[in-house]
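Below you'll find a set of structures to go through.
Okay, so subunit A shows up in both of these, paired with subunit B first and subunit C after.
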Partner chain A sequence: MSQAIASAAFSPAAFEAHLASQNEPAWLRERRQASHAAFEEMPMPGMGDEEWMRTDIRLFHLDRYCPPAEAPSESIAEPLLSRGVELGGDMVRADGHLLTSSLAEKWASQGVLYGSLRVLVAEHGDLLRPFFERQVVDARYDRFAALSDAWWSGGTLLYVPRGVVIDEPLHMISAMSDGGADLGRTLVVLEDGAEATLLAETASPNEEAGGMHCGTVELIVGDNAFLRYVNLQNWGSKAWHFSHQKAVIGRDARIQWTIGALGSRVAKVNQHVALAGEGADAQVNGVMFTEGKQHLSYHTLQHHQAPHCHSNLLYNGGLQDKSRIVWRGMIKVDTEAQLTDGFQRNDSLMLDPDARSDSIPGLEIKADDVRCTHGSTAGRVDEEMIFYARCRGYTRQEAIRTIVAGFFQQVYDRITIPSVREALGQAVGQRIREYE
Partner chain B sequence: MAEYLPAAKVSEIPDPGRLLVELDDRLIVVLHAAGSFYALDDICTHDGGPLSDGELDTEDLSIACPRHGAKFSLRDGAAMTMPAIQPTVSHEVKIEDDTVMVKLNDS
Partner chain C sequence: MASVESGSPVGEINKYDFRTETTPVFKAEKGVNAAIVNQISEMKNEPEWMRQFRLKSLEIFESKPMPRWGGAIDIDFNDIYYYLKPTNKQGRTWDDVPDEIKETFDRLGIPEAEKKYLAGVKAQFESEVVYGSLEAELGKQGVIFTDTDTAVREHPDLLREYFATIIPPTDNKFAALNSAVWSGGSFIYVPPGVHIEYPLQAYFRINAENMGQFERTLIIVDEGASVHYVEGCTAPMYSSESLHSAVVEIVVKKHGRCRYTTIQNWANNIYNLVTKRAFAYEGALMEWIDGNLGSKLTMKYPAVYMMEPGARGEILSIAFSSAGQHQDAGAKVVHCAPNTTSQIISKSISKNGGRSSYRGLCKVLPGAHNAKSNVVCDALILDPQSRSDTYPYIEVDEQDVSIGHEASVSRIGEEQMFYLTSRGLSEAEASTMIVNGFIEPLIKELPMEYAVEMNRLIELQMEGSVG
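Take a look at the complex of A and B:
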């Protein structure tokens, strides 16, 4: 079923028109052109490909979507992550277009850049060019990566200069109209010794909205820097979500990366962390909750490239109805990455007999002095736990709801940002059915 | 209440043969074997892979998943061999004039 799909909306002629509208530096235009040529030649991934064999996208038709020409006049979704939070900056995007953007003067005056990637790359092209040229996400990885690299629009940039510590979270929401397309791209750069927290969320105008998101997230964390990055994926239940996300962590730098995966009809996400500098540390948290016929496929990679690095991944998933979650995780340790400490775990709570979880942890270790552990569990709500709760006055429904909340608590406990814990807990709590 | 939807022309599917179609945002494999038409979800319940490229057996009226060989009955989608143990969804079929009509099973 692999085939290149001809799409008038993403045709060479439409691409040239898109380029002409972008007002970008020549080096970026050339890069887009090369990626579009690759996009034209590459086949759509098919179920014969190892990474896609559990994810069926034959009902996805790229030609039914168009790059958004105009921005909606106002925000089309309410944010969850910023409630009650004192923000250092905020952004609202819709269909890839920037609607509003703000950054506190105290951060702007220290050289922090926060806002539309499209606008800022036009103004600060020389500063940003080296980060684009690092090709953190491989634009030739698959057809979606090439599409994103060629067609991205709007986007988000956070750039924090050396040594600047932003002690207030920054927030952005990217919303997509029902049936629309979002080709957003996120680039975060923390220079050496910098610190920042970015709360990013995606949303649709209603729970059943459709559309297509195809994007990339690139996080560059310099030596001794610390980034907290939260990404809440909350598209409508008919949306297609394709995303390549990668962080590169420098020497003695840290990242705490939290993913909330709640929305979309089909999601295919590659989340990679490259521990590139000695002593780098990555904590990766995942909260996934599905219902209906949702299919979420998350492929994680903890790539230890340098000695003395530490990575710790915990993904918890709750599945209802006929939904399916595929998690495929790999810890890869290069030959020179001695004294690595790597951990990954995925637990799935099956709330319905028709739900399905595919959990595939993996290790690929080339160094000989490391500690790498991984694990995976899948099971239903324990009847003994329900009995225990009912002995203390809970109804069966209350007991199940409490047990499900407790299942995710072990991930929430790792998240140091209260608003994120609350938003995730609330979003999952709203979705849990009343089980008999 | 689901209605019969036109899936294919009778002449499009030789006997034996199959045709993969999209009906109401679902992928359905319409099969023609031993003089009759059948319709199944294009899903092997073992690992979720596609059935439509699998081997069609006109004697025991089954289709085998091309990945691991699990066989499903054309008549009712029942899993006939390991590694599948759950049936795939089957749909009612009728012929109107020269058109194969399929009524989608919502289960």
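Take a look at the complex of A and C:
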């Protein structure tokens, strides 16, 4: 790739060409233009910003990546989450482009939409426009949010009409070529009383692959609806991962959101849950496991905006080698959100003296009749547990393996989908080193 | 409880304007600049190195941006007098003190002598004799307990060895400001092996400047020695200035022990932006006990750096914020060496629209293996207008550690309330009792007379707030 082309990758000229190629409704085009203008103006976040002071991206050069014109030809890795699962629909994305998508007829006939966001927004622009305009993720949050809003391509849409209950999981895999760029955007809309399960995972051609993902995930869960969403981030160890993810939960609605954070060189993720309707319930699970020089930075927010809501977050992280995990969590309770029950917990298992964990739980509470607690621990594998296991005939290595697996079991126990439990357990299991 | 009108907690008494007719001999111009810093240094007859230190600190102050986190700080630095030297030791007379304030003192049960001191009636202070004998006894053991200005003159070598080494002026904007214009504060040196049995109290000293706006305290506890220092008091403190910015540096050497107790109760128009830090060496113990009740905004995070193996740090922090107040208080523990242990207990209470925040740091540096730390934060919110925040930062750079943090926020339980009222207590009495129970861990660490005062103060604060 020559330098001249590279530096022009996200230029205004390239942007105009990109717009012309998208064939979109006018309102969406205007929105992209506004976001691109914002992207041009905003500075790159730096160490002076509270959210970025622990995450060094000085080695990240946006100019080295360009939005891919066509889908790569490399073969796509075997999916982990859909093994042995009867799927209601499936789709494969590569560098943001749609390769294949399918949806069982029984769901399609009930008005369910599942597939490429780009294709579906061209066909159902009027239906989807209000959901775009809700701006669930603030496109001006930072430069990456603006970039994603202006440049997203391909993407995924799941739309479930009022009262439709999909009892088979839907699956998607987004692949990125080595050194490629993925600007995918996911929009999930569950109308009132709808139910669905979406399993999303990422894949790189090999474990050391690079590339850049800059994306947005918006989940809109209507009143009395129930969404289960699993997001397994499994990029190669040289990839950059920037993502803004947010769910808005309606009255008496529920979300069960599981994040697996295993891949990438540097990941900076904002995962927000807004409990917007009375009686909303959010369960957030995180499994993070790092090795080498990985740096994963996850910023979670449980925002209680309405009374009687319940949120429960558990993030467990295991750290090997010289890796580093930053978890910064916040529970915000608005004045109106009386009778809130909020909980967050982050446990870190330090498997190597050179690993580093930053755990920053937070509470901001403006209502008085609430119950909010948080907890955070960091520690190593307990020698007494190893001793106990060895007394029962385990070798030291086996004992450590079992204890590490057991550490994550607390999170697995909360995940109701067996294939997800197995996939996460297997992915972590493969990564555990042989410890002496 | 009859003497003060009902619904008039201390927070409101604080607002009484307390003016006195003193004619200062020297009053610097408003604002801060090199000329004023030079003037201050000259007035104090300081050695050249201190003058240079002040000037350099001023430059640092000017170059640093305001902190972008914490509370909202709205200060015009050029509208403040940075140095006032009173005419003579004689200030106001007891008769000048407004009745309301005398009443507050009475209700807090503060001894007469202390009352007068607090009111600034120093000439009549009766503890002079007590202090005199105390000083003689300490002097025999080699203890130095003086104000920092005197120490610059009389103990220059000792002071210079430690001064600004724990908190350099580059540390933060307000430490730089203090370094440029500091005045007063305590200087304590405890020689090896000396144990001081009773708490040393800042206000037992007869010194016109020890409670200044920009005081600077330095405490050195030598090997195997121990000291308990008490700063401030439970009665409301009056100041016409809007900014209080102190620096407190403490060194605890091998197997030494130091406890530093503060009860801060500034008037509700004061910004209280204080930097406090201690270095604890091998096997040493540093304890901060920090109560914040007054001020408009407090940003104060007492820190313990555990520099050598076996050092311990313990911090107990209580914040009580009422209408118009923001207590951004907390604690920092930094484990720099193996086998170090620390504990933070934070309790906060918010009422009448007040905001209490806990902001803390627990950091384990590489090599500090077998570090243990436990952080517990509890918050009580008494009404729907109030707010409570918790921001604990935990940074672990070592594998072999045990770190725990937990926090909870709640309001007074209906059941506790019901239980107490069914036993004949009024709602106000019941909630006072529950709040007193909530801060019990602090109260029991205070010297007796403070504990009594503190309990009464909570009663006063709680008046007029029915849970």
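A few notes on this one:
Here is the rule we use: the second predicted complex is superposed on the first by the 426 of 436 C-alpha atoms of A that agree within 3 Å, B and C clash if a C-alpha of one lies under 4 Å from a C-alpha of the other, contacts with A are read in each partner's own complex, and residues count from 1 in each chain.
Keep this in mind: a contact is a pair of C-beta atoms (placed from the backbone, for glycine too) under 8 Å apart; a residue touches a chain by one contact, two chains touch by 3 or more.
Because the structure is a prediction, the values reported are computed rather than measured.
Superimposing the complexes on subunit A yields a three-chain arrangement in which subunit B and subunit C fit side by side. In the superposition on chain A, A:L59 contacts subunit B only, with no contact to subunit C. With subunit A as the corner point and C-alpha centres for all three chains, the angle toward subunit B and subunit C works out to 60 degrees, nearest 10. Between subunit B and subunit C, C touches the greater number of residues of subunit A.
In the superposition on chain A, contact is made by A:G375 with subunit C only, not with subunit B.
Legend: residue contacts after superposition of the two complexes on their common chain; A:T335 is shown touching subunit C, with no touch to subunit B. Of the two partner chains placed by superposition, subunit B and subunit C are both touched by A:R356.
In the superposition on chain A, contact is made by A:M47 with subunit B only, not with subunit C.
Closest C-alpha contact of subunit B with subunit C, superposed model: 5 Å.
Overlap of the subunit B and subunit C interfaces on subunit A comprises residues 356, 358. Residues 22, 25-27, 43, 47-50 of subunit B touch subunit A in their complex. Interface residues of subunit A, counted against subunit C in their complex, comprise 50, 335, 338, 348, 350-380. The touching residues of subunit A, counted against subunit B in their complex, run 1, 47, 53-54, 56, 58-59, 324, 356, 358. Only residues 68-69, 364, 366, 369, 379, 381-411 of subunit C touch subunit A when the two sit together in their complex.
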